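Next up: the structures, one after another.
In what comes next, chain A is part of two complexes: it sits with chain B in the first one and with chain C in the second one.
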Partner chain A sequence: MTELKYVKAIKDGDFRGLPISRASTAVNMTGSWKFFRPHLVSKNSPCREACPLQIPIAAYLGRLAEGKPSAALALLREFNPMPAVTGRVCPNFCQNACNRMEFDEAVSVGELERYLGDLGLEQAPDPVTVNRTEKIAIIGAGPAGLSAATFLARRGFKITLFEQAPAAGGLLRYAIPAYRLPRAILNREIDNLLKSYQIDLKCECRIGPDETSQLATEYSRIIWAPGLQSSRLPAAWPRLPLIKGALEVLSAISRGADINGQRFLVVGGGNAALDTARSLRRLGKEVEIIYRRTLAEMPAYAAEIKQALAEGLVIHTEEVIENVKPLTTGLQLFIHKSRKINEQIGAGEFLRTATADCLIAAIGQESDLRFNEHNNFITAGDFAHGAASVAEALASGRRAAETVLQQLGILPVPENITPDLKSKSRIEYKQLQLDYYAKKPAVKMAELDSLSRKENFSEIHQTLSSEQMQIEIERCFHCGSCTACGICWFFCPDVAIALDREESDLESRVLFDYDHCKGCGQCAAICPRGVIEMEEDN
Partner chain B sequence: MENDFSAAHAWQITSAEHMECGHMACPGCGASLSMRHTLKILGAQTVVVMPACCWAIIAGGQPTTALSVPLLHTPFAVAAAAASGVRRALTAQGKKDVQVLCWAGDGGTFDIGLQGISGAAERHEDMIYICYDNEAYMNTGIQQSSATPHGAWTTTTPGGKEFQYAKKDILAIIKAHNPSYLASATIAYPEDFYAKLNRAKAASGFRFIHLLAACPSGWKIDSQDALKVTRMAVDSGVFPLLEMDDKGRLQQTCKPENPISVKTYLQAQGRFKLMPENEIAAWQQEIS
Partner chain C sequence: MQKQAILLGSDAIANGVKLCRPAVISAYPITPQTHIIETLSEMVDRGELESQYIKVESEMSAIAAVLGSVSAGSRSFTASSSQGLAMMHEVLHWFAGARLPLVLVNANRALGAPWNIWSDQSDSFSQRDTGWLQIYCETSQEALDTIIIAYKASEQLMLPIMVMIDGFILSHTMERLLIPDQQLVDDYLPAYQAPYRLDPDDPLTFGAAAQPDLFYELKKTFSETMSEAPTVLKNCEADFRQAFARAYSPVMRCPEGDEKSDTAIICCGAMTGTARVAVADLNKRGLSTDLLKIRLLRPFPKDELCAVCRDKKRIIVLNRACSYGVGGTLSQEVRAALYHLEQRPLVNDVMISLGGKEVFPETIAAVIENREELSSVDCNWLK
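After this line comes the complex of A and B, so read on.
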């Protein structure tokens, strides 16, 4: 029973002769009236389900909205070791699933991730201590390798990372151009990981089949994540020195090597094709792209295509190069209209000939690295799954780390580092209650204008300012994740919901007073994020 | 930010409560939620005067009270007169900063208390008069009042209130008394509610606010839908959110972002089930 609470406003004797009530109605256990009671049920947001890394976006953005960026960053890092990188180069699977799309426009999750990622460059992850004797080797210091290293180091392992290039980063360093990912950002992100997680990085160390057997005796487990290092060339083309792969060219540009020739033709429609063409143009070269399908079918990220077109890049679509002949200087190319034959693209009618100093193929990647099959080997990254996004590579690295932990008996088998999203239901747009939200356009990052940016490798986008972040964060509905926003507390007619503002765990802040809750269900009906459900009261 | 509602910052509204849990309101009561927030805005320096109405029951039986501020119960017809007395007594004691809140239902305002309000308004008594309107005599068993909209079922209008007896225009009646503040509001539009109550608090003289407060049992709706349906009353234009400007004209303060038809509002409630189509159409005509 609640103690009698006396109302202090009236002094004894002020109203002699009048009946005066001084006890609080809190003595009435009105909770006994109810048949149903509210409780919190967190759900998966669609953005989280769409994310290759399954980042709890609604929850970490909840912490950011609350004004606790460090707590938000810590939660983000639990799932994503490189937020400053993915905040720049990820195609944002989350935004394409955002519930807010049906309301007005998707929340700029990528920009918010980047904001936190940049904050993280100044705040290295908490250092770990090595407390396990098993040694782990990881081949390839690209995103998959770095991710595997991070997740294993957090469990106390000593990691040795072998990299054949002069510096870590893999495709992040040797393929993605600096205007998308400035090297200072990448260096800082990688340095933070190496330092905080005490990862031993061995560069310019190429591991071939001979070395792998050696490694197998030295290390308990070896994660093989060398990526795909070379571009595939069409089988029909002759092998000529002036025909190059996109990765080779991008890598040369990244290393600052001289690029010979003036007129370039890039074949392909993926990100590698655009990256190569746009990088070469920034070096003052004349570049055009030839792609065999339509613009809409290009596998490159839509935003990149838009930027490339704004920079004035010429993309010839539905054309193929049927034959290449060497000239005394340069190449002669025979360009045909593309033709669909049984879902395959072949050459149709002849269109024209063209000359170029160099022809670049950006039609896919492959690896020339081989290793001897061994039980202790776990493959990860693009090498294991084919070319994919950085987020997918990071996720693959995490899965490899998980496999190591399970094989060594550190994680009992059904337990994972990767969260099990199947145990919770997904929250749909219709389950949200958005009466108290106003329509607001998304905040976009400032962009360098297309004329000045095509001359140099300056980063095209700028990170949101803290004011812009504040505006954008308030657009997030935090679907399925309690943020202690207080709307349920505000609308409770029975004063039966308390908000513990001191509690650090957001989901534990909302407290239902079941002694007084009458079970009206308004909190469940009003919760914008759909996390309050009514259950039968026994 | 405090005392200024926004969906993203609802938690920043003052945590001070002047209403207690365990009160006797039905589940989902709009009147109790309205009182809770009215007192959050007016603060502890408030004396509440109320006639017979739902709230006379909600406040709890002897020896309990649901309010942590003084509350004076009065007979049905005299709330405004009693509040005038309380006001003058406080003023005589030099307690000018204490607000007097006269809190009455639609019965005690539209019907039985009307002469008392008229007198207090005429004398420009310094008080805030809030009529929480649930559109019938709810606590005595849902009898029709002059605030009951036409077409609505009550126990005394089992076939629906006749169409020619429309709801009294209480704002026009009070406006004719030249009050210092006049508005209509509802807690289902919290930004508007907070803004108006704060303005009323800052003003002096006779201030009148007409609040629409859902009654799940009287309106025949589910308790969890009370806020939604109240919001629909505004969105359909049945209960426009108004405020008197400095030239004495009533202006709409909050235009609904997603307007709905009167029919949608009526169909969300059981009490309008018997209302004929032609009357609904006529009502819609009246509004638009």
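After this line comes the complex of A and C, so read on.
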């Protein structure tokens, strides 16, 4: 047989004559050809900018997508001390700004936050050590007070929380109904905070303005976060025992007290009105709502209105109660058509009378604290900025903590715990490269049907399963945040990109080999999240 | 064991590929693709074939994807046709130059313009100079068998092989054939052991810049390996015959022809089947004609061809591809090979079909009957 010289040589591992070499081409510094160089620049995702807590949603969801739920939770907690709570009750400011809305439907950020929050119930935050001598007092253990306590404890402070109620939580405990926020969840989340941060909670301890000077002797700083504890009543109504404020009723329901009467009328269009009406119905009462404007103008969260209507709640719109008269049992109500006079609502023509065992006003809250001297004390939460939301209260608590740190000279003045989002630009939908995404509807939490839920306080929604979470997490574009997805690595024609998936600094996860990058810009064009920018190479 | 089946040509080929256990298959699924890769994708989907199936966005990417997978040491497969093969052109050169083994099946179809989807060999003939081995098959059975042989030869030579079938004529017709047992194929074709591959633990540089002298040296070696290819292929074909009892060789004499005749028809691909019918009839009628089929186009088997044409006076080459300005592409190859014979036969260059123009036994018979009228200088187009 012919001697097959070259075939034999290959078989013997002799690469001579083949275009293969053991020499490296790394010596060819092709990078010297470039005029532009890529670099990583994180951007603000619109969801983050919309979130009162400025949670780096793109980044923590990135960790979750990478299969690192504990790391995701840790990052989420850096910004949000109560994710199991906000994951349930936050109106999701983030989702309303989500870039994915332009693609198909917003990412269910709230659901994902709740998923991690629930995970956190079983994984308390890492404990801190108290290493500062200054003591801080916080009045009010609502979300604002708890948040301020958390952020200060993380800096080594010993915190004393004064709370007038028998337990911490504020409106979370004494207003928001259990079918939206089960108490077991709330208790667990608060207990974790109190334990990990060694917060000294003093319940049934009401602090009035008069005690301030006394506290000042023991505590370096005092933060006031007492919320707004009283419901306002319309000025036109007489003051009668059967006319109550929504907070009073909700608080009684939360504490499991008996609620007398059968027929209730609730006045108002906000969350308090809906929560009161829906809670009373769950206790077997007959309840109707009277609201002075239209359904579309109701300030309550849209999802809540939808759920209430599904449960069969009757809402009379564009009506006002002009007068109330006591009867031997119950009340007589004079209902008028509402009338708009220069944006103000007044009573128009008389419509009908009605009777009720109890009339509840849910038209706003006010503080029961009266301060005489307004010497610069630090405030937080609803008390500071007016009735708002849990997320805003938590953010405000963080700002109060910041103020304390700055006043004590621990945090240099321009520095903040709250991130300075202004230093980075927002990433718009058009800047994303979405060829790698397919349209997919958002995953929603399973919901108890309206019939089986309307008679009890069982939680309406179920936290996503890990399978559902997995599907939903893949919908997030992680706008402006490198996820180390490796797409740039794959496309770089010069093998000039290396990835460090373990790197937590998002701007250091992609390493450019500038000795070999030719500056073609393919990486910048292909990055789905728009974090690679080209700059002139000098 | 081999089991009988009646299969579409494309499916027969898919079965042949499956028996060779490619670790990676990449293809672009749109026209002018055949259902070879469709059938393979279904096999992968059903879990009958353990293979990474990479669907890409163009033929250029399909060939580039397998360039990567073969570099990494995986036996791979791709298939294409006409414009698709033309689009692969750049990477075809690179594949061979990089000395990587692959089997690619091409269903021969016309290249536009004008638009035409039928059988025509111009697509692969115009890839003759890319450094690939090219084998043309007459039947689906031959194609199935050739794939198995080609993987073996390709991996021994570290050169890619293109296996051709006639588009529609083979790809879209049913044929009764034998499908070998997996065990039989496994015994014949061992798993691919790449002598060199992309491996971060043993880094090698592939195809980096070569200075002129080195480039020249490398291409010389390439050419020398190519000249060893017919021997390697023949050995693989001989082993195949032993194991599977079907014989193939680079140039094949068809038994329908008259070996002693001084006139021979040369063709390649499925047209040989039609020629067999025509020639059998011609011989019956006393118009003695021999019939030779070219299986291997690259490297061109000139020794084998010279051996069977030594005593011929006239060779009539039936072409299905044209090199415009010269004539039938196959005729050029035949002429160049036979130039070395002391007694050179006359070569008639006949353009018998392009773009699927139907070839009947009578079409071929008419060429032979009127052979004295054929020009031996210019290309003969049908009237």
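Heads up, the rule we're going with is that the second predicted complex is superposed on the first by the 499 of 538 C-alpha atoms of A that agree within 3 Å, B and C clash if a C-alpha of one lies under 4 Å from a C-alpha of the other, contacts with A are read in each partner's own complex, and residues count from 1 in each chain.
We take it that a residue touches a chain if its C-beta (ideal position, glycine included) is under 8 Å from a C-beta of that chain, and two chains touch if they have at least 3 such contacts.
Computed from a predicted model, the values in this text were never measured in an experiment.
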Going by the contact rule stated at the top, is it chain B or chain C that touches a larger number of residues on chain A? B
Name the contact category of A:Pro493: first (chain B only), second (chain C only), both, or neither. first
Mind working out whether A:Asp505 is in touch with chain B, chain C, both or neither, as first, second, both or neither? neither
Applying the touch criterion given at the start, work out whether A:Ala65 contacts chain B, chain C, both or neither, answering first, second, both or neither. first
Does chain B (first) or chain C (second) touch A:Thr25, or do both, or does neither? both
Contacts on chain A seen with chain B and repeated with chain C across the two complexes: 2, 5, 7, 10, 19, 21-25, 28
Where on chain A is chain C touching in the complex? 1-2, 4-7, 10-11, 13, 15, 17-25, 28
The chain A residues in contact with chain B across the complex are 2, 5, 7-10, 19, 21-30, 33-34, 65, 435-439, 474, 484-487, 489-496, 499, 501, 513, 516, 518-522, 524-526, 528, 534
In their complex, what parts of chain B are in touch with chain A? 5, 7-13, 15, 17, 19-30, 32-33, 36, 44, 59-70, 187, 190, 216, 222-228, 231, 257
Parts of chain C lying in touch with chain A, wherever the complex brings them together: 97-99, 156-158, 195-196, 203-210, 217-218, 221-222, 224-225, 228, 231-232, 235
